[in-house]
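What follows is a pair of complexes built around chain A, which joins chain B in one and chain C in the other.
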Partner chain A sequence: MSHEDSHKDHAKEHQHSHGHPHPQQPDSEDEPYSHEQVMATALEELLSDKGLIAAGDMSSALDYWASKTPADGARLVARCWTDPAFAQRVGENVNAAAAELDMDIGTTPVVAITNTPDLHNVLVCTLCSCYPIGLLGESPGWYKSRAYRSRVVSEPRVVLAEFGTQISDETEVRVHDSTADLRYIVIPMRPEGTEELSEGELAEIVTRDCMIGTALAKGLEE
Partner chain B sequence: MSRFKKGDTVHVRTDYPQGHARAPYFTRGHQGHIEQITGPYPNAEELAYGRRGAQEPLYRVRFRQQALWPSYQGSPHDTLVADLYEHWLNPGDRS
Partner chain C sequence: MGGLEAGPVDLTEAAYAPWQKRVKALALLLIRGDKAQMNVDELRRGIEDLAPEDYERLGYYERWTRSIADILTEKGLFTAEELTVKMAEVEKRWQEQGPK
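Right, the complex of A and B next:
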């Protein structure tokens, strides 16, 4: 069948002679453009017209950021758990230590904060949504929500409990408000009973939320 | 050269300027301790308006949660660390 025939057949199917209407599928362009969408499009066109960005630069940048996942952060944490010297280098310079593992986490300085039995750390950006995308990928929607950003600073233990994370009153809960030029990653505590696991297996139990601090790392059996 | 050193008590300016301000509202007027000195970084409040932004130290300042929130319900050990540019900080009272 030629392409034209196929097209005709397709058109015939849509003549709607079979007695019921087909509702149109909702589309993102049904609503008028918002002010923000108009401004973003205008900015992109202006940058393109002035030759500051080439066609495709925007989509390749989006592809680059979309390629980042929490797997890199998990690999870094697993190496910290199995190699104390590496953990020390992470404490001094996360970007350089990540490069040792062939990770490109960008140039924004990342600070590692390590959980201990006496200290539990949790991350937020109250002023916007700063997040270590290079290590953890795009941030979850709740991280950017007004509810999380306003509540985790003023009632962190209540918010942690809603994530199913209970922290003893003897342990200090420390909230890190990442509002400027630094990004953070929480190095969770290695769960008990994981002594036999390989580095690769350890990386699998390190979830995104334990590197934000809203969860604790749990062993495989739990 | 940074004005403060690790462990210094600092006071966040009680100031509510118009425009782009990068000191969380709830830290203003409160005292904390310098946890770490980082930077220098260009002042992001200037960058936001397309200006060059003077280089200044950025401090990680630690506050007691009970000091920030009078009705804080968590443990008295709990703290919060915020990143603050030097121009937001004054020397605090010794305590």
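Right, the complex of A and C next:
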């Protein structure tokens, strides 16, 4: 198994690897393109020719992805922190609880796992890159990387330390492997000293990485 | 992959290139759209069926592209020849006008 991760893979996507050069097109594209980039456009056009994707479908799908951001997950977490009854409903059914906040996170079940002083949770998808897109948007490159997916299950504390996240030896660390049929979201612990913050202000301190478990929620002053 | 040895995690937050976003959008349409043609397990199987040297060489969304092409060809939505012809058209256009 190579030790490269996906960022290096991304860089490689711009290399020629199939034996013939492409002309540089500096006006429209600084990078040369790969065989697979040509294939991707050809797929779009072929499917469109065959009526399998309609005009406008691609822009709707691009808009869908662009509309999904960690702000929705943060809003859900902030509500959990301020409304114990809501937190309980999140514990029972995240998809239904999200709908209460007018979020459509799709039908794939999402399970919330709540951090406590004794238990820290962290997410991975070792098979591919399953991720709660409906709540967190597009996954970061490192979540897709071999390095993260390989190592977080065997040495989570070491990996978390690479993120600058130190977990006390007293705290159990539990790694949750997502699948295509079941995703997770971490409900981080509410930081001390945030008692006076409004729900909206709380949402601002809930970062994407807090909800993956590679970071802890920090108060505004930190 | 879980449990294998690997180097440090590269925490760079890279923005996705437009073509990568389009592959992702295409996958969404093919998996969840009104005219869905495949499912996410098939996408993953197509990735895992890549030759090991291709898997190593290709980037993340390049693997997705190859998987989608292989799975849809397998399902008979188009032939490998049709894809080859279309790719030649796209490449010729890009050589003349640059990638869109």
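One rule holds for everything that comes next: the second predicted complex is superposed on the first by the 172 of 222 C-alpha atoms of A that agree within 3 Å, B and C clash if a C-alpha of one lies under 4 Å from a C-alpha of the other, contacts with A are read in each partner's own complex, and residues count from 1 in each chain.
Throughout what follows, a contact is a pair of C-beta atoms (placed from the backbone, for glycine too) under 8 Å apart; a residue touches a chain by one contact, two chains touch by 3 or more.
Only a predicted model underlies this, so the values are computations on that prediction, with no experimental measurement involved.
Of the two partner chains, chain C is the only one that A:43 touches; chain B does not reach it. Shared-chain residue A:156: touches chain B; no touch with chain C. When the shared chain is aligned, chain B and chain C each come close enough to touch A:127.
Of the two partner chains placed around the shared chain by superposition, chain B is the only one that A:109 touches, whereas chain C remains out of contact.
Once chain A of one complex is fitted onto chain A of the other, the partner contacts of A:174 are limited to chain B, with no touch recorded for chain C. When the two structures are aligned on the shared chain, A:61 is found in touch with chain C, with no touch to chain B. Judged by the touch definition given at the top, the superposed model places A:91 against neither chain B nor chain C.
In the superposition on chain A, A:146 makes contact with chain C only, not with chain B.
One of chain B and chain C touches more residues of chain A, and that partner is C.
Contacts of A:33 after superposition: chain C is touched, whereas chain B is not reached.
Overlap of the chain B and chain C interfaces on chain A: residues 126-127, 153-154, 177, 180.
Residues of chain B that touch chain A in their complex: 22-24, 26, 38-39, 41, 44, 58, 60, 62, 65, 68-69, 72-75, 77-85. Residues of chain C touching chain A in their complex: 1-14, 16-17, 19, 21-26, 28-30, 32-33, 35, 37, 40-41, 44, 47, 56-62, 65-66, 68-69, 72, 77-78, 82-83, 86-87, 89-91, 94-95, 97-100. Note for the complex: chain A touches chain C at residues 1-10, 12-13, 17, 22-23, 25, 27-29, 33-34, 36-47, 49-50, 52-53, 57-58, 61-62, 64-65, 106, 124, 126-129, 138, 140-142, 144-151, 153-154, 159, 162-163, 177, 180.
Against chain B, in their complex, chain A makes its touches with residues 109, 126-127, 153-158, 169-182.
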